[in-house]
Amino acid sequence: MLKFPSKARLAHIVFESDDWASKTFDVVLLVLIFLSVGVAILDSVRQIHLDYGEFLYQLEWGFTILFSIEYGLRIWLSRKPKGYIFSFYGMVDLFAILPSFLSLLVANTQLFAVVRALRFLRVLRVLKLGKHMQEAQILVAALHSSRLKIQIFVGSVLTIVLVMGTLMFLIEGPANGFTSIPVSMYWAIVTLTTVGFGDITPNTPLGQFAASLIMLLGYAIIAVPTGIVSSELTEAKRKRNKEKEVGCPKCHAGNHDFDALYCKYCGTTLP
Amino acid sequence: MLKFPSKARLAHIVFESDDWASKTFDVVLLVLIFLSVGVAILDSVRQIHLDYGEFLYQLEWGFTILFSIEYGLRIWLSRKPKGYIFSFYGMVDLFAILPSFLSLLVANTQLFAVVRALRFLRVLRVLKLGKHMQEAQILVAALHSSRLKIQIFVGSVLTIVLVMGTLMFLIEGPANGFTSIPVSMYWAIVTLTTVGFGDITPNTPLGQFAASLIMLLGYAIIAVPTGIVSSELTEAKRKRNKEKEVGCPKCHAGNHDFDALYCKYCGTTLP
Amino acid sequence: MLKFPSKARLAHIVFESDDWASKTFDVVLLVLIFLSVGVAILDSVRQIHLDYGEFLYQLEWGFTILFSIEYGLRIWLSRKPKGYIFSFYGMVDLFAILPSFLSLLVANTQLFAVVRALRFLRVLRVLKLGKHMQEAQILVAALHSSRLKIQIFVGSVLTIVLVMGTLMFLIEGPANGFTSIPVSMYWAIVTLTTVGFGDITPNTPLGQFAASLIMLLGYAIIAVPTGIVSSELTEAKRKRNKEKEVGCPKCHAGNHDFDALYCKYCGTTLP
Amino acid sequence: MLKFPSKARLAHIVFESDDWASKTFDVVLLVLIFLSVGVAILDSVRQIHLDYGEFLYQLEWGFTILFSIEYGLRIWLSRKPKGYIFSFYGMVDLFAILPSFLSLLVANTQLFAVVRALRFLRVLRVLKLGKHMQEAQILVAALHSSRLKIQIFVGSVLTIVLVMGTLMFLIEGPANGFTSIPVSMYWAIVTLTTVGFGDITPNTPLGQFAASLIMLLGYAIIAVPTGIVSSELTEAKRKRNKEKEVGCPKCHAGNHDFDALYCKYCGTTLP
């Protein structure tokens, strides 16, 4: 029979992921999260809801109970329960179980479907394994340090959308589907981002010419955010590689590698 | 009661943004600008215009009067009023109030909607805060120093559009929606930029084959402007990191490396 | 008359590509592969199948016999036949001939069309020429070393797709074509990747607003994978340029800079 | 009155662009080229052809005569007339005038429209001004040195298109618009390149799932060519910046700037 583990051991299994038991816990949790999301998705298909609705409802409750147990475990095992509850992951865990319980009180299940979708965010937790986070931090840091450039970029895009949306509204008019400035702006976004649904399209020669300008503009400015992120990531990598900036005490040559012990120019021992 | 501020203090509030009062002024102005743009947008929706047209018209005049006061203040407080009036921001400020006054004289309100849209450009002013501008300057400098490459790129794109547009006109012909070379060129732009509305599509096997080539070409050459901007930004960053602001005390040459000990032009010890 | 080559010579012709005979073998094989793929494609066009089906069927068998001979040759000439059979290219070669033989036993030819399509993978083999592979290795290495960043990225994209898909299902509903969450998620992917078929489009103002957000998001986050790959490739190139192949004669450490005169680990003069 | 220039002076005006006269010649030629292309485009619009066809025909001949004079001048003034005639620009100049003359002999004017479109390529010549070419050379060099990576990439894309095209043909079938493998491959290209016309769309759940995979794949692999070009351009720039690799004769420190005269580490005069 399985010996019931101590509280410290349980906490290790739940919060860490460095041995067999704790990794298994993470994987089982991941599978459960994916299954519960899958059930919610399947239930939205009319035919499946009609045929298996009752069964899926029971599964849903099964997952809710399992996640409730996990949520309780985490609060009980955490050293700072309050810190966990109000942390990002704590809130996500709560959102994963709350809707089912609330649905017992309130009838509007459609509303809960939105909250229930947040459950998928829990998948992120399992990604919280060592290296992953370091990589994610570089990504986040790169986005963070280029946030001003991105703000300016988004501001420019919105200005283009407003001006071109208004222009197309005046050129094409309600008769060609551009029924108002908001709709024209929606069309401008659809076009500038190169999505191009085709539900609204310019029909006059002048409108097609203006649309061509927007498309070429959109094609050109997509280069800007990409360039920003690329150069930030290259920079972030360069910085990490170059951190040893101490120069040689004899010949003053800097630019040594991370792991260098002797100056590569004169052979003096580096500090 | 509020003590009425001096002219110098007022100028500080209006033109700077480094203390409580001047920052509040900027934020209030930003909110007003967004609201006035929002009113113009809402008024274009037919149903809203019918229901609230009169009220929105009054709001419009309220904003116009507020912006007129601000415009007057800026001229009065500016050290060089002429310099302000003919500056980019001065023109934008004028365009934001002119249409409303002109509409009293002329009846064609549609025409003014275009000019009115320029009002949104005013949002850019509020972005003119310290750091933002430095970042924007890097972006603009990167685009500026790669303008020749971009010109060559745009020239190539237009050549492709012309040749492929003519080709598709000949292959598909008016029967399949390619009614003229300009329309075919519009289609080529829609396709090359990967927008793909779908209002005009090739129907013959040969046309679909030619269209496939354009799409793959468009997919491939989108890499070029992105590569250009990326490498320019990486370069701009490298340069900024490498430049030592202190110049040589003897020959006044700047542009030394971070780790330089001696001037690379005259050999003098650097400070 | 042609003298029949020795087994060693044959193996050289089949497996290498450094002289006239072996290069010709590769080119002939490439042409045969392209032709056999072309025949399979043409046969799927209804009109061509009706007119030339019998002829294409015979061609198909011709190719199958040729590829069978080649497959046999490779097994016979290979030093480790088992190693070849279970290698990636060995499996691909088998998949290229198996379907035709199986079609003699089983009637369902449609099923074999899928397997037959794998034949095209054989083209990759001919690309396996010297330099090509080195370049491919850099690409693969760049993708490999950024796989964690890409995983995080794909996870984020799927989360956005799920949340936005559910949201659009709730906003637009079955009446506007968003018949279920899976269909809504399909639409979200179509929109986020900027494909934009236009088979399903938002019709309500709120839906168009939410769609605009997804499009701008898709437009922005396309910068992330590009930035990742760009910076990895730049890094990979920098590393290769910087590595001095000669190791230190005393401590055998490699990885020295181009311009290094002394070993950075032990201070010995480098050759 | 204007003094007629000498042959040497004329050659300077026609082939160079470094003083007032030669620059004017280039600009006038550019305007003429754009006008002649514009006439060809306008003539393809049915209504304009009916109303102004005769006038445009005369304009066409005017341009042809002017370009013929220019072509004759270039042959006469060139030091190596044969070299000019068979150069890229010489061929383009010939193609710009040939169709009009041939149309006197043959009746099929549609065929000549294609050749006539090549006239636009002449615009490239005027771009041949000093700096432009250096930038273009960097672009071309970057594309050239990454051609192997691009070949591998294009090969992968075509493999994906073939496999996914066949798959979608089997899943969706002729009933849903996927009438044959070639049409399915056309659809796969439309989807993978994120163009998304929407003329053919998957209707079955399985087809929509497979389509989602293609879209995400297309979204991901667009990063690869961009990354390749970005890193090549960054590398090309780095190389140009770093060309002075000579080390200091005293302290052996390398890595000096282009314009350095003294070693930045020890102040010794650089060779």
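Every chain is named by a letter (A, B, C and D) in the order it is written, and numbering of its residues begins at 1.
Following the convention adopted for this analysis, a residue touches a chain if its C-beta (ideal position, glycine included) is under 8 Å from a C-beta of that chain, and two chains touch if they have at least 3 such contacts.
For reference, the UniProt names are A, B, C, D = Ion transport domain-containing protein.
Just so it is clear, the structure is predicted and the values come from calculations on it, not from any experiment.
In summary, the interface at A-B recurs among the listed pairs B-C, C-D or A-D; the equivalent pair, sharing over half of its contacts by residue number, is C-D. Shared numbers divided by all numbers used gives the overlap of an interface; between chain C and chain D this overlap falls below half, so the copies present different residues.
Centroid distances from chain A, each centroid being the mean of CA atoms, peak for D.
Taking the mean of the C-alpha atoms as each chain's centre, chain B and chain D sit 27 Å apart. Contacts with at least two other chains are made by residues 182, 185, 194-198, 222, 226-228, 230, 234, 259, 261 of chain C. Taken in their complex, chain C has these residues touching chain B: 194-198, 226-227, 230, 234. Contact residues on chain D toward chain B in their complex (touch as defined above): 37, 40-41, 44-46, 110, 113-114, 116-118, 120-121, 123-124, 127, 131-132, 135-136, 138-139, 142-143, 150, 154, 157, 182-183, 185-186, 189-190, 192-199, 222, 225-226, 228-230, 232-234, 236-237, 256-257, 259-269.
If you check the complex, the residues on chain D that touch chain C are 148-149, 151-153, 155, 158-159, 162-163, 166-167, 169-170, 174, 179-182, 185, 191, 194-198, 201, 205, 208-209, 211-212, 215-216, 218-220, 222-224, 226-228, 230-231, 234-235, 245, 247, 252, 254-255.
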